Each structure stands twice: as C-alpha cells, then as structure tokens.
Amino acid sequence: MVEPVLDIRNLTVVFDTPAGTLHAVNDLSYTLMPGETLGIVGESGSGKSVHVLTMLGLLPCPPARIVSGEVLFRGRDLLALSERELCDIRGAEIGMVFQDPMSSLNPVLTIGRQLREVIQRHAGLDHAQASARAVELLGLVGIPDPAARLAQYPHQLSGGMRQRVMIAIGLACDPTLLIADEATTALDVTVQAQVIDLIRDLKNRLGTTIIWITHDMGVVAELADTIQVMYAGRIMERGPIAPVFHQPRSAYSWSLLRSLPSMARHRRLYQIPGSPPNMIHPPPGDPFAPRNPFATPRCHRDVPPLRQVADSVPGHQVAAWYDLPAAVAAHPEIADA
Amino acid sequence: MTRFCSTLLHSRAGLAGFVLLAVFVAGAALAPWLHLPDPTAIGLRTRLSPPDWIGFHPLGTDPLGRDVLSRLAFGGRTTLAVALTAVVLGAVLGTAIGIIAGFLGGGIDRVLMRVVDIQLAFPLMMLALLVVAVLGPSIGNVIVVLAVTSWNRYARIIRAQVLSLREREFVLSARAIGASSPWIMVHHILPNVATPALVVATLELARIIVMIAALSFLGLGVQPPDPDWGQMLAEGRLYISSAWWVVTFPGLAIVLTVLGVNLFGDWLRDYLDPKTRSNR
Amino acid sequence: MGRFLARRTGESLFTIWGVVTTVFFITRVLGDPATLFVPVGATDAQIAALNHSFGLDLPLWRQYLHYLAHVVRGDFGRSFVFGRPAIDVVMERLPATALLAATAMALGCVLGCTSGAIAAMRKGSLGELVIMTVALLGQATPVFWLGLMLILWFAVDLHWLPAGGYGRPANLVLPAVTLAVFVAAAIARLTRSSILDILREDHVRTARAKGLYPATVFFWHIARNALVPVTTMVGLLGGELLGGSVVTETVFGWPGMGRLTVQAIESLDFPVIQAAVFVAATLVVLINLAVDLLYQALDPRIRAQ
Amino acid sequence: MPGYFARPARLLKTLLLGTALIHTPALARTVTIALPGDINTLDPDQTNSIGTDLSVLSNLYPALVLRAPDGALVPALATEWHAVDARTWDFTLTPGARFIDGEPIDAGTVQWNVARVLNRSKVTPVASWYAQITDVIALSPTHLRIVTSTPYPALPAQLSMLFLLPPKWSRTHNPAHEASSGGPYIVDQIVPGDHVSMHANPDYFGPKPAFDRAVYRIIPESNTAIYALEAGEVDYIARLPTDQIARINRQGTAIAGAVPSIRSVFIKFNTEKPPFNNRMFRQALNYAIDHRAITDALFDGQALPSACQVLTPDYVGYTPDLAGYPYDPDRARDLIRRSGVDLSRPFEFDIPRGSYLQGEEVGLAVQQMFRAVGVRTTIHLIDFGQYIARYRKAHDLAPLSVLGQAWVTLDADGLLKLFRTGNPYSYWSNPDFDAALDAAAGTIDPARRQSAYATATKIMCAEAPVAFLYIEPATYAYSRRLALRPRGDTWIRAFDMRPAK
Amino acid sequence: MPEPHPAPLIEVRDLVRRYGQGRLGGHRLTAVNGVSFSVMPAETLGLVGESGSGKSTTGRMLLGLEPLDEGEVFFNGTRISGLSPRAMKPWRRQMQVIFQDPYGALNPRQRVGDFVAEPLRVHKLAPSRSERADRVAALFRQVGLDPAFMHRYPHEFSGGQRQRICIARALALKPAFIVADEPITALDVSIQAQIVNLFQDLSETMGLAYLFISHDLAMIRYLCHRVAVMLRGRIVELAPVETLFDDPRHPYTQSLLRAIPNPDPDHRPPAHPRFDVDAHIPERDMEMVEVSPGHFVLRH
C-alpha cells in the first residue's frame, strides 16, 4: 500500500475572539495520496483555507488555537514540529500559492529576489545558480522573456503573470505537495483557464500532489481527481469527482450544483435558503441542517459522521443522516422549485 | 454605550487612560467647589513654602506664595478649556476644509493643499511665536494660534479619507439617486470622516496641551494671574533648584494628562476602527 | 523622474515663496524696531533716521518688492541688531542646530526603530508593555520640562554632564537626549503599529510559506516594508525638530537657530526673522524632497508613477 | 591674529577633537564669565547693551575714561581731564598707546571715533548719547578738546561708554563681527551664540589684567548659569533670582549677593489719560503699595525701596532723606473715594516680559495690592519690543505698566529729563518740575545742580506721575577662586576681576 | 448602427471615456472607446468582458455618474447626456444602479432604513416620516427582508442581505431601468442564486430592464436576452444570447466561451486555446457588421 502524502486526523482549530470562541475547523480528517489532485470546495468560513494554514504554522496563534488532531506529512506530524523544522518543510516540500497575487508578493522586492530567496534557502545554491533556476522556473510557468522579469517588481506584471510567479515560487524546490488557496479567484476567466491548463500540465509532467482550494465548482471539475466539499469546518461530502458531480449525496453539494446557472438553463435557479452559520454559535447537529429542506430531526441534533456511500464508488463518502436520492424522490417539488 | 463600557473595562491601557483623564478633568471641572484657596491670592510672606501634606498647602506654594494645588486645579481648567476649544476649532475648520478640498477637488483642492504645504514648511513654533507676538498674548489668541497650527493636520488626513470615500459605491449610489454635492457631503462624507477626525483630535489634544505649555513657558500663553500649567512651569523654572515642587507638580500634571489622552485616544482609535470592530 | 523633479521643484519654490511672503507681512506688523535700538532719551529725529537706514520708511508694497528682489539673490538685508547680512548671522547658527537635530534624530531613529520593532515582534510580552509605556511617557513629556529635569539630575545632582554650553561632545549629550526622547517615542509607536500592519499582509504569509528563516522574513519582508511609513514620520519629525529646537536651545543655552529666532522676534530684528524662517522652511522643503526621493528608492510602486 | 568668527570646518574639528578653548577650572589664570544675554555685535557704536556687548568690548577697545567698580570715573586713555568752561572739556592722553595693528591711539583716534558715531549718513543707534558734542579738537596727539552745545557736566561719564576703534583697520574690516584690540585683552575665538575667548594684550598701555585669559560664555537661562557655576564651569554669573543668594552661600562653593543697581523700578501711569491724570488717585495708588513686602519677601531683603524718586543713591543729584508714601491702604481707599474715580472696570496693566529681575512677580504682587484697595487690573505680559513701541512710537502706554529706567552717566539730568514736558518719553507735564530741570541744566556747579534736582525730585514725589517701587538689586554670584567688587551698573569686565588670595 | 427594435428604452451612442492627462505626452488611457448599444423595455442586456475592459465605466457613463468625453445617452428617445445635475435629477428616478460590493455600497454610518429612504427624501416623494417608513417597509418586504431590520446598521447584515437592501433602495424610485454592476460577484456561492432569482422576479413583476454587467458568462447566459462582449473599451460582439453562445464570431468571444470552467467533470477540454488580448486590441477604425439579424461583430 502506498503511504499517503498527507494524513490529517481529527484536526480541530478555533479562534479566540472577543465575541467568543469561533469554531473554524471541526474534527477534520482526510488523507491525500501521492499524485492525487484534491479539490476542496467551500464558501468563506468553511475552514478550507484555515486548516491548511494552521497545519503549516502560518496562522498567528493566538488568536488561532489548535485544539486537537495531528497532521502527518509523509509520516511526520507537522503539528509536533518546531517552527525551525517547519521552516525546512515549507517552501521545500510543501509549496503554496495564495489567492491575490498582488498582495501575496512583496511589492518592494523584485521578482528575482523573491524567487531566489526560496531557492537559496532550501537548495543551497549560490546567487548565480539561483538566478538560473529562477529563469528556468519562470519559463516553466510560461512567462515570456523570463530573464528580463527577474529585475521587475510585482506591480509591473499583469495579474495572470503575477499568479504564474506565485506558482513558480510554490514549485521552486520541487515540492511533494502544492497547495493552491483560491489561486485563480482573482483572475479573469481567460487567464484562469490558462492557469488551470498550466497546473494540469505541470501535474502531468512533475507528478506533484496538489490541494486546490476554491469555491468554484467549475474549476474543481476541470482540475481535480477528488473533490471534498466543506461547510462550517466539516467535510460534507468527499469522493472521486464524477460521482460527486453526477450523484451528490450531501444536500449541500446537491444545492450548490443546482444553484449554478450553467447547470440550470431555463429553469429557475435552486435557491439555498438562509445564510451561512455563525461559527461562534454553530448549530448543534449537521451544520447545514437549518438550510436543508431534507433535514431529518436527527440532523438538527447530532453531527453525522463521514461515511462511505453504500451504493457508490469506493471513496465516495458523505456526512448525512438522510439518504439524498430517496429524499429528493420523495419531495420532487423541492427539486423543481 | 454598554459596548463602550465593557470594551473599555477590558482594556487595561484604555482604562488607565480614561481614569487619568477623568481625574484631571474632574479636578479641573470641580475646582471651584473643592474649597481650595484662591489660586490668585498672593502671600509674599509664605512664598515657596515646601509641600505640607497635612497643612494648608499640601503641594506647597509658588514664588508668590500662591497655593500650588489650587493653581494646579484651576490651571487645569484653563489648560483643558483652551486645549479643548482649540481642538474643536481646529477640527471643525480642518474637517470642513478637508471635506471640501477632497470632495470638490480641482482648483479649490489645489489651492488649499498649497496653503497646507506652506504652513507645513513654516516651522510650527516660529509661526506660533510670531502670531502670538503680533496678536499679543491672551487666551483667545492662543486658541487662534493653536487652531491655526492644527487645522492642516485634519485637512490632510480628512482629505485623504474623502478621496477614497468619494470613490466608494455608496457615494456613487447617492449620486445615482440624484443627491446634490452638499447633500452627499453632509449625509455621507461627514458621518464617515467623523471617526478619523475624532482620532486626529485625540492626538491633537495631546499635542496641543504640550504646545500650550510650551507657549506659556516662553511667556506667550495665558496671562497671569490666571493659572495655567505651562505658565506655572515658566514662573517656577527660576526656582527649580531651590523649590522642586514648583515645577514638578505642573510638569507631572501635563505628563499625566497627555499620557491619559494618548492612552485613551489609542484605545478609542482601536475601538472605532471598523477593522477591529466587526470580526469578519 | 525628470518630470517629477521638475514638478516638485516648482511646488517647493511656490511653498518657499508663500513662507517668505507670510513672514514678511507678519514682521511688518510686529512693531517698530527703531524705538528698541536707540537708547532711552533718543529724539524722534534719531528714530526716524534709524528707520530710514533700516528701509522701513518706504511704503509697504515697495518694501515687499525690494525684499523679494533681494531674497531671490539670497540677500535678506542687514540685521538690525548684528549689523551684518542677516543670512550670514543665521547660517552661522545653522551648524549648531543641524548638529543637535541630526544627533537627536539619529539617536531617536535607532532607539525608536529598535524598540518599536521589539515591541511589535513580542506583542503581548512584558517587554512590549515596558517599551510602549516609556514611549507614551516620552511623548507626553514636554521637551522643556524634560530638559530642566535632566539638567537637575545629571548636571546639578550628579555632576556627570555640563548643564549647557557648546563645543565639546559632552555638551551635546543632554540637549540631544532631550530631543531624542520625543523622536524615539514617536518613531517607536509608529514602527510598532506599521510592523503590526505589515504582519497582517499577505506577502508576509507568502514569505513564511517559503520557509525563509525568521530573520530573513523580518528584515526583508517586514522591516524593509515598514521603512516606508517610518520614513514619512522621520521627514515630518525632521521639520518639527528644526522648528521645535527653540525651547531646547533656550533651556540648554545652545547657540542654534531656534534661540536666535526667539531673540530676533524679541528684538524685532526683521531681517534675521525673515532669514531664519526662510532657512528653516527651505530645510523642511528639502527634507520633504529627500523623503520623496527616498520613498521612490524604497517603494518601486511610487517610482512607477 | 585679530579676532575672527570660527568657520564651520574649524568648529567641526573643535567639536570632534573636544579641544574647545573653554577653560577647565584647573587653569588658575583663566576667568570664565557667564553673560546673561547674547553678544550681538562687536561694533561699539551699534550697541547700548552694557551688560553684554559693551562689557565684552570694554576688554578689547580702549576708552578715554572708565567707571571703576566703586562708581568712580578713573583714568584710562585719558590720564586727566577738566572742564575749561561750562561747554569745553580738555583731556590729556597716555602717550605711545597703540592698537595691536600698530595704529596709534591718540587724539586723532578719538576725533575719528566721535565723528563715526555722529555720522549723519550712517546712523548709529547710540548717536543720541553724544548728540551734545559739537566739536572734537586734537590739540596735539596727547591733548584733546571736546566742545558741547550746552553745559554737559556728565560728559566724562558719557565718554566712559565710548570705545575706540582703530580707524585704519576699520576701513578694511567689518567691526560688527571682527575684532581688533587696543585694550586689555585680545580675542582668540568667537563662537556666535556660545562664547568669546581672549587673552591678555601684552602691549596694553594700561595696567595688565590679573587673568591671562578670559572667556565670556553666553548662558541666557539663569538656572543653567547657576548650575554651571556650581559645576565649576564658570566663575561669575549675574542676574540670578534673589532666593538663590542664600542657597548658594549656604553651599559654600561660591559667593553670592546683591547690590543696589542703578535702575529704579516703578509703575508708570499714563498720566495723559483719565483717571491717571487725577493726582489724588495716583497718590492713593502709591499709598496702596507695600514696599517692604516686595523688597523683603519677594527679593529676600536684597532690594531697597525707592525713596520717592526714580534716582538711586549712585546718581549725581540724588536727594537723600526724602519721605515717601508709607504703606497705608486705608488712606489709599479714602483718597480713591475722594478722587471720585470710577473703578467699575479693570485697568490694563502691561508688564514687559523678562526685562527686569523678577519683574513679572513684582507686577503680580502690585496687582494684588491694588486689588486690596479696590483697583482692579488686567495684566498683559508683552515683549519689551512691543512695550517700547507702544511707549515711544505710538505714545500709547497702557494706564499702568512696570518700567525700570536707568541713565548710563549716573546723572540726574538724563533720567529726570525723561519726565520733562515735551520729552518724547514723558507722559507728564509740570511747569515747576521743568523749571527746576532747566535751572540745573544751565550750570555745571555741583551745589546749584544738587539743589535744583532736589526741588524737581520733591515735586515729582508729591505729584506721583509714577508709583515708586524699589531699586532693582544687581545680583551676582562668583566662584571662591575670584576676588572682585560687586557693582550695580551691570558692567561685567574681565579686567576688573582678580584671583582670590 | 441600425436598431433591431423600434423603440429602445435606453440608447447610448459612441461613448468615449479617456483617463489621464493629455498634455506633455502623458499617456492617456481610453477606457471606453466608441461604445453604442440600446436596451429595450423589460429587456436584460448582458455586458461581459475581462477586468479593465471598460464595462463598469460604460454603466456609470450611461447613468451620468462618470463624465462623457464623447457620445450621447438617450432615455426613451430624449437626450439626457450633458444635462446639469439639476436637470438630470428627474431622469434619475427612471434609472438606478446596483453595485458589486455590498460592503462598499452601504454607508456604514447610516441605518439601512434611512439608506433605503434616502431617494424618497432627495426627491421629496414621501414628505412625512411615517409615510416614508411605510414605503420603506413595503420595499423591504418586496426584496424579502424583514421590515423590522430597518433600524439596524449595515455591519449587522450578511452580504446577501446587504445586496437586498441595495436593491430595495434602487427600487424606491420605481425605476424602469437598472444597471446591475457585477451584483453577485462578491457574494457567497450559496447566496448568489437568491439574488439572481430576485432579479428575475423583479423583472417579471415590474417590467424592469437591466444592463447586467458581469464576467460570469454562465450567469449572463442564464439571465440575459442579449449580450455585448467588451474588449479594451470596445464592444467586439453583440448578439441575442443563444446566438452568441452557439455561434460566437469574434475570436475573443470564442476564447471567453471556451474558458468558462465547466462544472461537468465529463467534459474536460484538452487545453484552453490561448488568446492573446494584446494581439487583438480593436483598432480605431474597425466597424461593427451585422452577420445575422441582431448579431453584430467588430470586423476583424
């Protein structure tokens, strides 16, 4: 059996705010296999970004606080490592790409410096070698005239180019795992399409394991092998991409898909009632229950565990007390509304 | 109000500032009812009496035999009243100019900003000295001088705020419903610059209290026999080596008041800052 | 760049013109210097003769044009008191003020930046509390009072340092420290808050995500960016120090421009007042210009505009 | 090398090496003197500040006569002098005196210098001091004759203010900021605003000064000066508050004290405006003043009350034993009531800031005394420049103001003239007073002058155009290394000082 | 440009907007360059393009919120461009705007009830306080909000609720036409459908016409009757929605359509063809040609 790249077990993260304790990530567990591309979908506050930032020690603690759990990265528990040891992993074995390439690059340093420093830090190359590697990386991510870009500042590049630089930084030390947090959200559709192509291409060529965090179902569909839908700091549904899209078993994934205009031509969009939960006072049971027309009384009471869907492909898991296909069949008026 | 109190009670620094400020403001405000000796009553035979905690002059007397405690309390009245008036005047003037310059832009803006530049290049203390020298020292003129040296700080900061507010969508939205420029300035810009103006005002209050003291120290401030902290320092500085209490107490009063204003002001800025306000 | 310099130079000249004009008209309503310069008992004719020699008997507009025409050539006229070109009198005092201001500024910057950075990076610690309390006290203390107190402690009680005077490094210590306390306090508070702001920025997270050493992150991604707002503050404080050294110079008997100006205002020495204000304003304008240029060096985004 | 201003480069070097020429107390032959104000100009014709500019210049340039610490006029360049008639004076000069550039100091030098002061095309502020001189004749290089327009008994005293510049040197140098020498000392270094240092002139024609080197340090803050004295950085300071005298003496490192100065301080009434044109009201205010409280409490017994006149005992023409106004508030109230003056509104009361020793405190004390008899005042502390412009130029004094006046020749003539009808400094007019002054001015006979001034003084006392206060104390403190005779006329001259035995 | 329908509600002709100083060789950016289109009553016209293509500027120029360097705007055949603010005021009642950022669109210092009532006060439509309160309550109900929220401040609301408040305000003047400038972009995915449905309901019940500005082609396709595609300040293609999606003619439109992430994992395109925007900047003298009825393409 191949060992997973990442094995997260029962991770719980809270924020101590003046208004109370905010439950950002709740008892989160999942594994990621080598070469896999995991698409994590969720809205703001679903814990999708927070959990990766916490495990890499990138969230300030306080206010963030890890309550429990372990994060095994190639067998080592990241949460047990010292900051110094984590530093050796960040940027080298785990690369990251963040959402807004304008604010995520230091505006006062050149592209070259920002690339070189990560290369020199981890690969132990000298300045000239690091420059050469930087040029190579910029070429790899499809930036024309890479040598000339080294002396430029972030604001001199377009948004798409900046995001390519971010990706180059993320890939600089041939990481085992690349984590992209809303990496295309701030980009125009055509540019987004190019970045997706680029990532897909790199994945094929380098075999990098990828976690792709987004709120856009479309992007996940284009890129990911596995999709993981998160809501209120929990996984609602997880599985290979096709069954989840074609036969979602969580009411949340189902609602999301039905509210997309591209899936609902000439039909009224499915409208998810209510609004995302207040994570300081989360609902006691299934967090989506208050907005779920199919919710059973138990949904409001107990948190459902993430379980394999009996009649679907292996790995298709859902956290639900209800059986969605049955529920939809029983209430066709909801589905058509 | 409840939120105000509970947040304040949770901030040690803010609370300390508030308490310091409250003590001095209360002392100043209640001075006439505290049964203190007349702060202007001269007793040449008892000049420079050292502090006598249980006696008639708990903080001693000044070079003219006047009670230091009483002068401190009544001096606080003058200092704080002058400072507050100057701050309010400067804030109103500066905010109005900042809003007009920032919102209307164009030629008015360019002219006003050049005036700000000129005033900034004019060394503050020299300007104050010259203006007081021209107008003659009096409370009114000190207030005018302080307001004059203060308005541009509001104007600059408020103008910058207005420039970004002007592009905010609720301003466009007000235009879209046909609201006039004055309407927008009053209903949309003003309420939104009130907070930054208040923040600048607390900083200015601290600066102005020190400035009043400096002007008085150079002999240009409040006119005797009315007490004023800076003037007490100026009158006492000849005696610093023989009568430490004459300069120590007014000096401490200034330091603690300004400290209180700063602490409270810092807290107020955090409290009013929308970034820290709603935890999104 | 050239365009920027040209525009800024134009603005600066306009600013200086504004200052020079303002000070001219203010001095003209100050009083009548001739009455002050003659000994008691002088006749009206003697006073009038003196006024004539000062050029104060001309109509105001002619005085102003005459003044402008000479200012352009760097000539502020002869000092009524010193009997020499006013600008010479002022320039003679400039090194003393510049020395004091520069020392105070350097001391204040070093102290302020270091302590501000420590306070920000150790937020919530006892160290932060101590540093910030001292900084707040430093900002709250009137400069002249601090000066008097320092004299009392270090010169009178301890006999460690001279109470005043000028010429030896020891003379510089107390006045420079007095001024530096204010500068350091202001810079410490600003450094702390800008570093805290920058810590919240995404690019710091990126830098940390790259696994850089904490020192690299601090110096290249935090301190480097925090320099921009601190530079602004240094520029503003520079101007304030030049003008604000008035009180310090008086307390410590420092032979600088500030004391000269106070004295010139008291003795109605118009040419010296005008020259001193001009020199101070020019310095402020130059400091601002330097800060703007420094900005461009520090922040490439501004360079691009 | 003649005097010069330190160039910035030199200044920097001095600073860096820490080798400033300020003395250290170990060198016994140097005296360091704290000056209470800046040295503005080195041109003796451009300044009337005795306590600063002229004190320094008196060390550098020769004078015909000098005023000794005891107040007597003593020979300097002039070895003897006498009045030939009421308007003519002859002086015999020291032969062979020279400036350091070799120029002779003789009658011609004096002639040139007087002409320079009185030059109409290039106005000097002090011209009024010498306005009565009509002619200066060099009878020989060592024999000088001066003719005045009117009898001028104070001429020798006035000439003690005249310091002689070398004529030839002055043509090629700017005496305003460069110094030559023909006096007891030669300048070493001048740091504007900080200090002037000088060493003894070996070729000085007069007696050799006791100290080889002298340094004048400018220390305007009296506290700083006191600290400097206590720290041994300076040897002599002046103008310290009187309460420091006892403290310094108690400490024992220095000797402090006060002598009566030549300046009397009073409240000047604007007698041209009601109600101060009312004599009874003015007298009432004189009764309201508790002189003893001021001199004993405020000045710690170091000041003398004025004897109902603006002169001090040092003046020629002083009237001793003049009974003044006793402190009698009841009488004051009674007089005020009888004068019928409307007291419903407060009177403006100007105090020139920082001009007189503890002047602000005196003003406040007087305000309280006036308030005790029902007269309310509003105080304005104003710059002396503005005060004098209001006083002299606009002729618009506030109803009440604190004023101290002195006359450098120590002659009643000059000081009393300031109250004569028509004098631009006068706000008062009294024909009998004017007549008495005219009688005194017409003669140089001391007895007749004395009696005329006694008459004038008594009239002034009775008419009370001012509220008489006190004679300002001249305070001083000096290190025990020094021996000197304190003086009341503000001269601070290095060559008067000697090392203590 | 010939019009497909006889009586457009809104018509804009040759709008031009330039930024930057023109003097001394400073570069001027032409944000909008000769844009013309019309909107029929009750029609929804989609305006699509990448960021910086000038679509928002066009919307603002149309409303008179942005000065026109060239061009004209007609409402019901009356020219309303170039009017003074006072003369423009009556026309403002006919056309309203909804912005992208529901956090920036509300004055944080104003109670939301006052915010919704403001148009009524400015136009003096409901003079008495109680009358206004009634109208505001009705508007709140119309957009699906509880009128009891009237006295709260914006920070107490979620993004979706804020956008409803903005819509309520826009409706207060009973306009015939609304410019919706990226109205759902900033909202959470689970909320977007609520707002889109509200738009559709309002269109049906009030006969509103929209200019719907978006970069979300799927949403445009779902919501709009016709679509205009903007590229660097020019409209490069304008067509009925199905025509455009079925038969895009301009290469930019084609690349846009292909770039839409398809939430169907079975239809993964091999790679998105690259479209270099800079190589296709519309030249000044290019003209629109009608390739089929109502389908206009910038000649390329």
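Note that the chains take the letters A, B, C, D and E in the order they are written out, and that residue 1 is the start of every chain.
In this text, a residue touches a chain if its C-beta (ideal position, glycine included) is under 8 Å from a C-beta of that chain, and two chains touch if they have at least 3 such contacts.
Which chain is which protein? Per UniProt: A, E = ABC transporter ATP-binding protein; B, C = ABC transporter permease; D = ABC transporter substrate-binding protein.
The shown structure was predicted, so the numbers you read here are calculated from the model rather than taken from an experiment.
Considering the contact criterion stated above, the chains in touch with subunit A and with subunit B (ABC transporter permease) alike are C, E.
The most distant chain from subunit E, with centres taken as the mean of CA atoms, is D.
For the pairs A-E and B-E, the larger set of C-beta contacts lies at A-E.
Placing every chain at the mean of its C-alpha atoms, the farthest one from subunit A is found to be D. Inter-chain centre distance (subunit D to subunit E, centres taken as mean C-alpha positions): 86 Å. The centroid of the Cα atoms in subunit C (ABC transporter permease) and the matching centroid in subunit E are 53 Å apart. Averaged Cα coordinates give subunit B (ABC transporter permease) a centre that lies 22 Å from the centre of subunit C (ABC transporter permease). In this assembly, the C-alpha centroid of subunit B (ABC transporter permease) lies 43 Å from the C-alpha centroid of subunit D.
Among the residues of subunit D, those in touch with two or more other chains are 223, 227, 383, 386. The residues of subunit A never reach two or more other chains; the list is empty.
Within subunit E, no positions touching two or more other chains are listed.
Of all residues in subunit B (ABC transporter permease), those touching subunit C (ABC transporter permease) in their complex are 114-115, 117-118, 120-127, 129-131, 133-134, 206, 210, 213-214, 217-218, 230, 233, 237, 240-241, 244, 247, 251, 254-259, 262-263.
Put simply, subunit C (ABC transporter permease) touches subunit D in their complex at residues 30-44, 46-47, 49-50, 52-53, 81-84, 89, 92-93, 95-96, 99, 148, 151, 155-156, 159, 162-170, 250-256, 259-260, 263, 265-268.
Subunit D meets subunit B (ABC transporter permease) in the complex at residues 222-223, 226-227, 241, 243-244, 247, 293-294, 297-298, 353-354, 358, 360-361, 363-365, 367-368, 378-383, 386.
On the side of subunit A, the complex with subunit E involves touching residues 43-44, 159, 188-194, 196-197, 200-201, 215-222, 241-242, 245, 255-257, 259-265, 268-273, 275-276, 291. Listed in rising order, the residues of subunit B (ABC transporter permease) touching subunit D in the complex are 40-42, 44-45, 47-48, 63-65, 133, 136-138, 219, 223-225, 235, 237-243.
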